[in-house]
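The two complexes that follow have subunit A in common; it is paired with subunit B in the first and with subunit C in the second.
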Partner chain A sequence: MIGFHIKKRLNTSSGETQFQFDFEIQKESFTAIYGESGAGKTSLLRMISGLMKPDDGTITYNGKVWFDQKKNIDLPTGQRKVGFVFQDYALFPNMTVLGNLKFALSKSADPVIIDSVIDITDLGELKSKMPDTLSGGQQQRVALARAIVQQPELLLLDEPLSALDTVMQQKLQDYLIKVHKEFKLTTIFVTHDITQIIKMADQVMILESGKVVKAGKPTVIFGQSLSGKFKLSGRVLDIYAEGVINIASILIGKDVIKVVISGTDPLSIGDEVVVASKAFNPIVQKVGE
Partner chain B sequence: MIDWQPIILTLQLALVTTVILFFLSIPMAYKLAFTQSSLKPIFEALVSMPLVLPPTVLGFYLLLTFSPNSTIGYWLNNNFGINLAFSFEGLVVGSLIYSLPFMVQPLQAGFSKISVKLIEAAQTMGRTNWEILIRVILPNIKPSIITAVVLSFAHTIGEFGVVLMIGGNIPGETKVASIAIYDEVEAMNYGAANTYSVILFALSFLILVFIYSINKGSVKSINS
Partner chain C sequence: MNRFKGIIKEIETSGSLSLVKVDVQDTLFSTIIIDTPETLTSLQLGHSVDVIFKESEVALGKEPFQISLQNRVPGNIKKIERNELLSKVELNTAIGMITALITTKAVLDLGLLDGEDATALIKTNEIMLSYD
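On to the complex of A and B.
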């Protein structure tokens, strides 16, 4: 059990905001933090990892106190057992891929973990490459691998997939789910992409101006009460009339599918949607909070 | 044939000064780059003073300080038997101050350009500030380090006013190349003055070509 009860006054683009987070997450859960920019998502991760100091409150991890303002406890970042994957990856440009992984290994750890992480993230062929010669998706995989080598108990991901194209996002989501399970991690990731949350997270917290306004299962939170037999998340590319029916082109993964929608569906181009089917008729429903 | 001693002495002075200055400037530049203190402009101004101050002013005050009649000069002489006025050691101290901005400024610029995320990433890995400095920060500001070292070396070669004030013109001790040129001109030996000048000219030119060719290729490797 990881408990956060923290307060922080922060300057955001919309002026000074009082952030207040009170929540607990279970071990080995996959939690998504969702919210618009300026909602405090990144600041929250930074406070959990110890890179930013809350003004007040406590952070506890399995009964161990990481931060307690009243008792003046503030465990340094390096002792919190967190792995942090930064939005822009923050790979060390002077080290090879392998060098980056080795740097992340703690002195007391068994180096064998490096091999197994390289295996799982398919980095074998990139081991001796320098980070600036890699593609965005490859750099992202290295950043993820490097965080895993730290053998964190808590994995923090700051918009890990936002800089990648859709195909690459799908692949990395699979890697993320794989390492989360394989290494029994507790994962918290920040995103503003609902499809990622539905695919990966067990629970989601919605932040609005520094507070958790909703929390729960992604399918419940995003209003999907459908008990679908199959369910796919995607994005509306186009809506057009053909004869008497309306058709929506929807991008799911790298595939574009066409689905008949009713004229009354409040869909517009760019909406994130779920395509689900109870038996034979696919139903398309807008994804909303 | 000219006397090579002033050239050798100049290179010795530049080498000793650059090495000492490098180790002094790393912590100073690091502090200046990362401090949030409101006193930062004052420290930056102090470091940069030798850029705008006439070298003779600097030399004059150093001479007064080094003199056995001053408190510091007396204390050094009495306790350690060191006399900085008109000695090679004095020139080194003078050069350290004179070339300080040439070492600190490029290093500070390099430190400021390093992405904070790199440092934070290393912190989450439990690395100490020292390890982060040696293994992450310094290797990623190599062009700044080379620029700082080479500029300080070159600038020390070219100093004249400070050396003349605190070192005088003692062969093998304080008579560096720039002083030797002045000396030869005064003695109407234009040939020898010309030889020293050509050597200094060529040396300075090569050093600058070196810096510019280094920085051309490595600018993109600095992570912003």
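On to the complex of A and C.
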């Protein structure tokens, strides 16, 4: 279990902000951190990993103190058993995929971990390739594998999917879930994509200007208790009246769709919404026919 | 949308589908969903749920009729808001106000008027549930 009770004053895009976090995360859980830019998502990960020093407070991991301002304890990143995957994969360009993984292996570790990581992330066929010959999704999969080779207990993901297209995102989500379960990791995932959270996380914490304003099960927090199986999340771009109905334009991924809503639905432009229909309703047609 | 609080009264499961009957103030709604009590813990007898259906999925009829639609709620027309193509009809029923969005031609053909009786009809596959 991670206990995180810290204070930190930081300059963000919205001016100086006082960050104050008090929460605990259970072992082997998959926690999503959701919020607008400047809310403190990345700073939070940096403080957990030891890359940023809090002004005050404590960080504990399974009973071990990682940070305690009063006792002057501040464990370096290397001793915190954390693995990282960022949006920017930053692989060594002059090494093969296997070379990148071997480089990440600590001297005392059993090299057999490399085989099992390659196996789980399906990198077998890409082993001897150079990073610049791989697609973005493949490179990110290598970055994930490289983080796992270091045998972290805590996996920190900072928008690892945001540079990828939708199909790649979905594939990598499946790998993330697989790796999380297989290696019994405690995973903390920063994102601003509700669909990803619903798919992967057991719990979500919503940050607003340096504080956790809401936390709980993703389906409850994002109001996805609807039974409909055709369910997408998006943002309202426009609403206009058309006689007795209103028509809302909603951005879902990169697509804008239109939905008829009633005048009494309390929706405004800019709202994050769930668009749901029953699995019976949509018509599916093969493209090009 | 139309939304009413109810209690799950019956669940009939076959494969991954369930036919669920929900009691909303003594009016029974039936809905078919891709979930079973095994896949969804909230799907249990006695559990409280919201019955949700869109205004555009409500048909209106005048008794007597022979029709396949299972969900029928009789009521009295409170207000009709007519537009060129579509009309919004508000129906006072035993469970509360149900709003229907139907074509203005249908309003004229049926001769629907304020104060008249009409029955709201909703297809079983158009009803969604929301769990507490």
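In this text, the second predicted complex is superposed on the first by the 226 of 289 C-alpha atoms of A that agree within 3 Å, B and C clash if a C-alpha of one lies under 4 Å from a C-alpha of the other, contacts with A are read in each partner's own complex, and residues count from 1 in each chain.
Please note the rule applied: a residue touches a chain if its C-beta (ideal position, glycine included) is under 8 Å from a C-beta of that chain, and two chains touch if they have at least 3 such contacts.
Since we're looking at a predicted model, the values are computed, not measured.
When the two structures are aligned on the shared chain, A:Val244 is found in touch with subunit C, with no touch to subunit B.
In the overlay built on the shared chain, the residue A:Leu98 is in contact with neither subunit B nor subunit C. Taking subunit A as the reference chain, the count of touched residues is higher for B when subunit B and subunit C are set side by side. Look at A:Ser262: by the touch rule set out above, it reaches subunit C but stays clear of subunit B. In the superposed model, A:Ile120 lies in contact with neither subunit B nor subunit C.
Of the two partner chains, subunit C is the only one that A:Ala276 touches; subunit B does not reach it. Once the two complexes are overlaid on the shared chain, A:Ala90 sits against subunit B while remaining clear of subunit C. In the superposition on chain A, no residue of subunit A contacts both subunit B and subunit C. The touching residues of subunit C, counted against subunit A in their complex, run 1, 32-35, 40, 42, 52, 54-56, 81-88, 99, 101, 125-126, 128-132. Note for the complex: subunit B touches subunit A at residues 115, 117-118, 120-127, 135-136, 139-140, 220-221, 223.
Subunit A makes touch with subunit B in their complex at residues 49, 51, 76-80, 82-84, 86, 88, 90, 92-94, 103-104, 106, 132, 146, 150. Against subunit C, the residues of subunit A that register as touching in their complex are 225-229, 243-245, 260, 262, 264-265, 276, 278-281.
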